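The following pair of complexes shares a single chain, subunit A, combined with subunit B in the former and subunit C in the latter.
Right, the complex of A and B next:
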């Protein structure tokens, strides 16, 4: 196929699978020259993405997001707490990302995966700084009671682009979230009342409501390799090519976050701008998918 | 509190000898060698098997058989109130041990010396009977991974409330404080591999309850066999046989 013979080109004599395992970089470069990847995707295209809202019925909001084979399950549980003195009118969000050993052969029980705290921190920073959620909406009684939303994201299958799938599932879970009804009990404390026990206690908030989400963040991770930019890498691609760039844009096209943690490839501004352009396209796709999933739930 | 109404209906409308609806699916986790999702009513569990692969801790390697490891963990949101410590607490460690010993008894470990088989179980929704759902999911996942076993291991629980033997307790019935008998059963060999009970029961009633749980296990085994047969047919058609 036009590549120079480097001390014996074994590819013609060897099984494709063996070549893929022994010389992964050459295997990929063979494909990149033709502007295609082994799973037949063009370089700028992301994998098939699906969203299912309300995957876990016992929680206040949940979503299952799949990008290709990468699967993330996000669920939100609300608890009542006393707000801090500096911000008596605001609630709080706690975000946690977990990679249980089922998701990948590289995760050992008892030892958290390397990617786990990194993605956890990235998610926390992105969601809180994007301003998607107005903390004042999480307040109940000023100075006395406010909501604490615990968002837990579990990776059920790790096949690359973990941050993208996790952010998508988090955003979808917040879109699905319904704040439960509460009332004051006899000790003067605010408790969540379940649907069967509404006997005459005055609810503090009248009905279940959803949060208003403004400027929803969406992301795309790309790999830079020589002069190629590969959008939405799989785990195999991430393991052989190490320069990742994650761009997060919000729904109005503003840049929320840009993350390039080192890597062997040093990028010119033009490469970064190409990544941002790819992300812009992807944001349109993801917005459609999210809107379809949300309207699908509302029909029920 | 009345767990069985005078007409003979339980809190969720089931008859005393009726199991909850079960659903199993193979191949949920693509990265794993074998995986399965198993649901018993509202209890939903996902199991993944990695192996046989190289032993990670050389000092634990056994020269004549495979090392079986198991980890049970519950998602933070799986129970009614959010859990603070989903694994490493005493209950999770105990259940991990129980599942490991149950599955180890029926895996033909001598066929895979110097290797390691990892069984990971994650509870996504807990509504009673998590132990049984985990064992059933682990059996499906091991079969999907192609690991040689003596027989399928199926599990079901039964209890005794309001003087009636009840099959497949949910969380409310389980926390009622009555006895809870969990049975792990090998259907073809007709042998019991796991038997656990807490609270007190007179011996003749215990035999009754255990028999009921064993019947539940046989019903689960039939269902699991159907799923595996269906899965094999699909594999056959995909390979063009």
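Right, the complex of A and C next:
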């Protein structure tokens, strides 16, 4: 690399924004040497995170999660299905991740974003394998009726770390979920009991209004670049440095999954361990944020 | 995986059939019924706009009218698709979609395929396309929750988003609809009212210029009812445009500070 000098000369006479666009990597490396990022974060710090429960009133559970500018809206609609013969007393969860064209200039209508099926699959794997939800709690009448929980997550603004924000919103939507009280009508269909005419019908699930969430998964995506580890990257950082590591830990600190989908940097064990350590810190933060959002709901 | 059993089994929403209750709420010839949300017949829902909802876009806006919640992002002016012919004036490209959970029954939002072209037609007359030759402006809308009068809300929100993106327009485009139920005209109908209406009328207009960009009338209308409905909509549009304008002023002044 004989070039840094050249760019060094440029940078003294060049506007900062122009330098950032023309030499993005050098722009970043100059910051990294000083252990700081262009948005004034230290390397290991995630962006401000907020959570709002109950954003969509027409659903049974919903949450809006924001990590920096990345915004995710997750909502759950409960429908009834006949359980399969192998698992007569278990319900089902269907998870879908969407990137509508509003979220990023790279997504056009009719052409789904590349990341969409990838994040969708990751979410599905993580949520189902973490054991957060006991499928038996989704059962209504063994062998006859069970809940199918449709979880749809929409990316409203894409600015990096999509999976982290999507997982957070999904988990929050599940903790906000209120299962409707239902009964079986004469035709054998399961129907919501409305508050006005409750008489004569026995609710099937009077006690089971909330799911018990055991071991909630939380995640942190980091970028590996040379010897640096950047937690919670923005879209700009993801586009410049391409080696991502996503670590998912559950609330008691056990490893749920670890993704390193290729990239130009080969990760050493120590780097992976550092990523896990960063995630461990982040899980504590995220747990507090989730707890606060949930307890804020209960006060209302 | 225990959660996903091969083929998705058929499911249904456990909502009770509401057909019966509807006729109870709306006694067609009775003038005295109250609207489900206790509004007057000629009273709109409180309108809320906020710009800058999506940072990745050149301009964006979020609108909330009662339970109707939409986000509109504007991208561009940017390079037109390669297959496009050379054009002296800019192009406008619109798309409207629903989230799967927007409608009371999951996944019914795809019924409204015509919304994209209606949004396009209502906006194209207001935008000064000559200001961005050879390029395209994309207007994408996502309906987060459908609570009735979805298209008018999308159109008004889109014009705020266009203004936020700095696209030159002759005027803001405001849109309001009325439903005709029995003898009554009710403005800014909610979902339940729309589902039992006899006719619907929607106007999109540029209130400061007193020009209508789109007028759609469907269903059963008498001529005097139409002119009454049009007048009602036009008045509401000019009030709505004031709210839209004040939202834009607010965001502009907060930028200056």
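Heads up, the rule we're going with is that the second predicted complex is superposed on the first by the 286 of 300 C-alpha atoms of A that agree within 3 Å, B and C clash if a C-alpha of one lies under 4 Å from a C-alpha of the other, contacts with A are read in each partner's own complex, and residues count from 1 in each chain.
The rule is short, and it goes like this: contacts are C-beta pairs under 8 Å (C-beta built on N, C-alpha and C of every residue); 3 or more make two chains touch, one makes a residue touch a chain.
Remember, predicted model here, so these are calculated numbers, not experimental data.
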| item | value |
| --- | --- |
| Superposition on subunit A - do subunit B and subunit C clash or fit | clash |
| Which of subunit B and subunit C A:295 touches, first, second, both or neither | neither |
| Touching partner for A:158 - first (subunit B), second (subunit C), both, neither | both |
| Partner chain(s) touched by A:212 [first = subunit B, second = subunit C, both, neither] | neither |
| Subunit B versus subunit C as contact partner of A:59, first or second or both or neither | both |
| Subunit B versus subunit C as contact partner of A:252, first or second or both or neither | neither |
| Most subunit A residues touched (candidates subunit B, subunit C) | C |
| Which superposed partner A:270 touches (first subunit B, second subunit C, both, neither) | neither |
| Subunit B and subunit C footprints on subunit A, overlapping residues | 56-59, 62, 69, 71, 73, 75-77, 79, 96, 98, 100-105, 108-109, 150, 152, 154, 156-159, 235 |
| Subunit A residues touching subunit C - in the complex, by the definition given at the top | 55-59, 62, 69, 71, 73, 75-82, 84, 86-87, 90, 92-94, 96, 98, 100-105, 108-109, 124-125, 127-129, 133, 135, 148, 150, 152, 154, 156-159, 180, 182, 189-192, 194, 235 |
| Parts of subunit C lying in touch with subunit A, wherever the complex brings them together | 1-5, 8-16, 53-57, 60, 67, 69, 71-73, 75, 78, 95, 97, 99-104, 106, 138, 140-142, 144-147 |
| Touch list for subunit A against partner subunit B, complex | 56-59, 62, 69, 71, 73, 75-77, 79, 96, 98, 100-105, 108-109, 150, 152, 154, 156-159, 235 |
| Touch list for subunit B against partner subunit A, complex | 28-33, 35, 42, 46-48, 50, 53, 56, 69, 71, 73, 75-80, 82, 118, 120-122, 124-125, 127 |
